[in-house]
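Same chain, two partners: chain A is paired with chain B first, then with chain C.
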Partner chain A sequence: MSETAHYVASRLATTVLIVLGAMLLLFALSALVPGDPATALLGPAATPEYAKRFIAEMGLDQPWYQRLFTFLGNILLGNLGTDVLSGRPVTRVIADVLPYTFILTFTAIGLAVAIGVPLGCYAATHRGSVLDHVFAFVSVAFIAIPAFVIAIFLLLIFAIWLNWLPVLGAGEESSWLDQAKRLILPTIALSVGWIGFIARLVRSSMLETMGENFIRLSRAYGLPSRLVTYKYALKNACIPTLAVLGMGVGRLLGGAVLIEIVFARPGLGRLMFDAISTRNFPVLQGAVLVVVLIFVLTNLLVDISYAAIDPRIRRQGSR
Partner chain B sequence: MARSLSRRAFVGASAAALSLASGARAPAFAQQKTSISVRIERDITALDPAFRGGPHDANVIRCVFQRLAALKLDGSGLELDAASELKQVSPTLIEFTLKPGQMFTDGFGEMTAEDVKFSYERFAVAPVDGKVSPYKADWSGLTEVEVTGTYTGRIKLSQPNAGLMAIAIGDCSGCIVSKKALTARGAEHNTKPVGSGAYQVVSVEKQRGAVLRRNPDYKGPQPAFDEVKVNFIQDPKTAELALRSGELDFAVLPPAIAEPMRGASGLSVESQPGLAFIWLGINMQKAPFTDVRVRQAVRLALDVDQMLLAGFNGKAPRLNTLIMAPILGQWKEAPVYKRNVAEAKRLLAEAGQTAIKTRITVLNQPAFQTMALVAQALLREVGISADVDVREGGTYWDAGKGDGGKSLDMFMLRFNGKLDPSFLMQWFTADQIGIWNWQRFDSPEYDRLAKAAIVETDPAKRAEIVVKAQQEMDKSAAFIWLTNDVAYVVRRSTVKPAFLPGALDWQLDQFVRA
Partner chain C sequence: MTGFIAIRRTFGRIVSTLGGAVGTVIIVVVVGAAILAPLIVTHDPDALDILNRFSGPSAAHWLGTDHLGRDLYSRLVFGAQVAMLVALIAISSALVLGTLLGILAATLSTRWERVILIVFDIISSFPSLVLALAVVAVFGPSTALVTAIVAVTLVPHFGRVARAQMLTLRNAPFMEAERLLGTSATRIVLSHVLPNIAGPLVVLASIDIPVVITIEAGLSFIGLGVRPPLASWGTLIYDGYAYLSDSNIPVIVASAALAVATLGFTLFGEALRDAVDPRLDRGGH
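Up next, the complex of A and B:
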């Protein structure tokens, strides 16, 4: 127990440092980026006075390190600033889109795991078979094709040609069925690459594990093949897969922007993209902070589960 | 005993599942549409007439708020809206009388002249919390709105403003807000606006758009549709797919996306000449372009028709001067410059410039990039070597400002227009150098004409002034006019949209069934 607590504490301390480092980098870079939000948004309608007002409201007339200290101080009060364009608190702006991002990310990862792990297992246990070669080809193809290309094809086939599923967005709030229907194509588009990746990863991890002495010993003892494969080999093979999933969640949180644009779906990725385009620094700062926090905390959970599965990790972490 | 699944059962179950899925998407052809869905290409920013984020906000604002009088759809004048009377008593005085009983939504009471005063003066004369509107120029000359009765008032100007009716009173800047509501809601009013128009805003969601529903208290002509869904769809390709699938009823799309949609079932595609102006500008204050002969040579070296063919597939009409039809003051006899390589070379030789290295700065949009590449090839033939400097929005719009603007060479710009010549002319006065006059065009005569055009209320005289101003611009050779753009309107065949010339400014409450 003390090993785990020590492990978690050391990881939390690292988490704080990572967040600080990310925000430091963001603020330093924002000082270099030309353009102001008034001009980026309004074009010729942005009078110099209006632009100056925006700059003052965002604190861009202050040195970047001063803005960083103010921002970090405000975080402790739960205040991520104000969106100068709409006048709304940044926390509300992010809260509006965060559920969509969570749903899409975890649904995509869930689908990728639900299909990728069994595919990888099958390929590992039927190594060299025709299906193993087919899965290998399909997996690599899935990894190679960009998600937005898959998205366009899915739309053309299922939304236009077959007219089975809708093109747009996130669905009516009052109808979970409508929301679920509109989640299908974005989820598939986002998960396809990960299915291929997880399948390949599970396959290679399992092949490596199944070559270990303890597996040979288990078979020699006469344990059922199914038990050896799925309880002993797969459990060990899942450890690297878990680590990849943690990274995957982080990537998808902020990296699904192309899918969000293609499907006109709200999300953190799109929010950050729009904030960069319009030089809306308060929203960008808040969104990046949330993405970094979720990414780091997700990986912390993965690391903890890692430690829970493999006691060797716990002992290493506590030394 | 294991139960086997027969092929017949499998096919039957699949068919049932498919029919369930497709049945949920079957369009209701038999029923009359009560709701329409339109696309905007930017996210809703602020539904406040004084602080709107652009045309995407303005298109919602125009059907949620009323104006004293609204621009007619053909741009030919105004028709009364909230006012029962609107009289130009003198060049600097306008009197209005509101119709009684026009109610703001959400219980914010009846519209009175105080609301009109508040709505107009907040732009610059009496800004709330010191926040001056970026659109204050629309109300240029306003000194006061005097309230003379519950429903009556007088709009007083320090000098005549010939564009006031078209740009301010009749358009988005003339929308009347509830003083009580704005004071009570503050910044929240940007996403929960209180108006008295045909529609009210039911919801605004970040990155999704807005839902408008018929305002039951609205006393004017009732809109044809109970509900309008305003969808923020950034990618025009997604908008195309949504139109084809029936999820969208109206969108304005780029030519490359819209043209192939001609003949699509249930859709109609129409092109409208735009009300924007796109041009290649030359920085007159940077060598070697300080010499007018060099600028003239550039103008003669370029082939505008070829550039438009490349950039717009030949779909955009050519522009030969600043003012385009149907705006007052179009210079119909403006020269149509044709490519003349020999003359361009001669001018350059005369100016002592035979090997110029320069740069064309453009926004990272396909049309501009393509036109710039064509320009690059054309200029090379006369000995001008031009790099194409493509920039993303935030960086691009800053390119001509401040000290950075001094180092600009050539650039392509696009500004939206309005139905008044002064709106288009305002960007090229000397006081705009370092702001939006990227050419650094400094002509006292042009400035004099621009000021005169604002205050001249006689249309014929005003048109003369505006033509002379365009001639000054032409003499400078710093403006190579390209096009006034083209707007492709793609709509469901059962919906007839309503918009002002240029298809940039919509009147959603006047969309009807076709």
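Up next, the complex of A and C:
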């Protein structure tokens, strides 16, 4: 048990360090904004008096170490600052759009697993067959082609030429069906790359597992082939898949930025994009921090959960 | 000479697979277009011809024109140049820096090794596109900035591989012999370490090319990368997307070019990995 505790503790420490690093970087970036921050934020039309008051309110007249201290303290208290444009707390602004990004990301992961795992299983159990080769090529194509390009093609084909699905926006607040319809194309666009990735990963790790001694032994004992393949081999093949999914959340969030822009969907990505074009730094800072937090925490969760599945990993980690 | 033979044999293995052959053809076309861009274009990529905007493919404009009447084929060719330049500069700087840090991590004291590895962890813990967004928001979009950000996010890739390779190499008998003979560290690194760890690093570099192309195009697509009027595949897609209701040819042409290029580089990179990776020989059992 202490082995596990040690592993979890060391992963936690790294995570804290990473989050701290991210906060320092964000602070450094905000301090590096070229030109006078008040003019940059308020625009040249602001009166000198207003600019002065703004600077005092934002604490921009204090020395940098004091601002850093306030910055870190505020984040720890859950205060990410104020939206320069609307005057609302950044945390509220983010909380409003976060569900959209979460829904998109999780449906995409779900779809990727639901299609990728069976594809990989089939390819591994029918190695060398025609379909195996076809899947292999399709997987590479899926992985290689950028998600936003796939998004654009989906939009062209299904929304413009065929006119099957509505796109743009998240849909009417009241209509559950409308929202679901508008989720279909973004989800497919975001998950395509991961379908390819997961299919290949499951295939290769299943093949690797099936060559191992414990599988041969189970076969030699005369256990049913189905049981050996789907219970033992698949279960072991899941470990790398889990690890990749952890890494994937971060990449999916990055991909979601572009997808949300293509489909004009509200969400964290869209929020960052708008914050950049309106030079709304507090919102951008808060959104980036939230993305990093989600990313780091999922990684931590995945690391810990696969250490729980596979004892070999925690032994390795604590050394 | 032996190096040359090894390269020829590896290349032979790459083109003998279907994916590798297709990838090689695509790469030759894209790289060729990038190098020969000024010679093979039919128009000045920035020349406006407002009267002929959104004209379809014709003898004068092979792929038609965009919303300002600019020749799409010529812009696409110059877009290849931008993509290749960004990929080349970003990956080679990440390769050099990552290899250096990786070798240092494996040879310096455990404390420094820890520091370097934690820095790697921090860099990889940022989703690169989001990091790019934050930096671009502060300094404004520019090609140089995009290249630098991509390079930084790739450093840990190379650093980790270089370190792992160095660790296995460190205790090899011939390395010990060199040290006993009093060979300087620089000389050991140059004549023994680098040739021995180059293979996996080159494979990694080639696999990273499509990743870099995608990030550059993605950032340019949302207006945070290459600045107009410079033609990048990302800005071409953006322009086409913005005028989708007028004509869908520009967006199709530009997205298809990007998709084919990333697919080609991925196919080549994977064929190269399979050709270099001796573990593949194990697959026959």
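Heads up, the rule we're going with is that the second predicted complex is superposed on the first by the 264 of 319 C-alpha atoms of A that agree within 3 Å, B and C clash if a C-alpha of one lies under 4 Å from a C-alpha of the other, contacts with A are read in each partner's own complex, and residues count from 1 in each chain.
By definition in this document, contacts are C-beta pairs under 8 Å (C-beta built on N, C-alpha and C of every residue); 3 or more make two chains touch, one makes a residue touch a chain.
These numbers come from a predicted model, not from an experiment.
> Per the contact definition in the header, classify A:I152: touching chain B only (first), chain C only (second), both, or neither.
In the superposed model, A:I152 contacts both chain B and chain C.
> Output check: A:L29 vs chain B and chain C. Expected answer is one of first, second, both, neither. What do you get?
Only chain C; A:L29 stays clear of chain B.
> Look at A:T14 in the shared chain and tell me whether it touches chain B only, chain C only, both, or neither; answer first, second, both or neither.
The answer is second: A:T14 touches chain C but not chain B.
> What is the contact status of A:L168 with respect to chain B (first) and chain C (second): first, second, both, or neither?
first
> Once chain A of both complexes is superposed, is A:V292 in touch with chain B (first), chain C (second), both, or neither?
second
> Once the shared chain is lined up, is A:I160 touching chain B (first), chain C (second), both, or neither of them?
The answer is both, since A:I160 touches chain B and chain C.
> Applying the document's definition of touch, where does A:I261 land relative to chain B and chain C: first, second, both, or neither?
Both partners, chain B and chain C.
> After lining up the shared chain so the two structures overlap, which partner does A:G110 touch, if you call chain B first and chain C second: first, second, both or neither?
In the superposition, A:G110 touches no partner, neither chain B nor chain C.
> Common interface residues of chain A with chain B and chain C?
In the superposed arrangement, which is not itself an observed complex, chain A uses residues 33-34, 152, 156, 160, 261-262, 276-277, 279 for both chain B and chain C.
> Name, in rising order, each residue of chain A that touches chain B in their complex.
So the residues of chain A in touch with chain B come to 33-36, 38-50, 53, 82, 85-88, 93, 96-97, 152, 155-156, 159-160, 162-170, 177, 181, 260-267, 270-271, 274, 276-279.
> In the complex of these two chains, what residues of chain C are touching chain A?
Those residues of chain C that touch chain A are 19, 118, 121-122, 125-131, 133-139, 210, 214, 217-218, 221-224, 237, 241, 244, 248, 251-252, 255, 258-259, 262-263, 265-267, 270, 283, 285.
> So in the complex, which bits of chain A are touching chain C?
14, 17-18, 21-22, 25-26, 29-30, 32-34, 137, 140-141, 143-146, 148-149, 152-153, 156, 160, 207, 211, 250-251, 253-255, 257-258, 261-262, 272-273, 275-277, 279, 281, 284-285, 288, 291-292, 295-296, 299
> Residue numbers of chain B touching chain A in their complex, please.
Interface residues on chain B, with respect to chain A: 18, 21-22, 24-25, 43, 45-46, 53-54, 131-137, 186-188, 190-191, 205-208, 231-235, 237-238, 241-242, 244-245, 247-248, 392-395, 397-398, 401, 404, 415-416, 427, 435-436.
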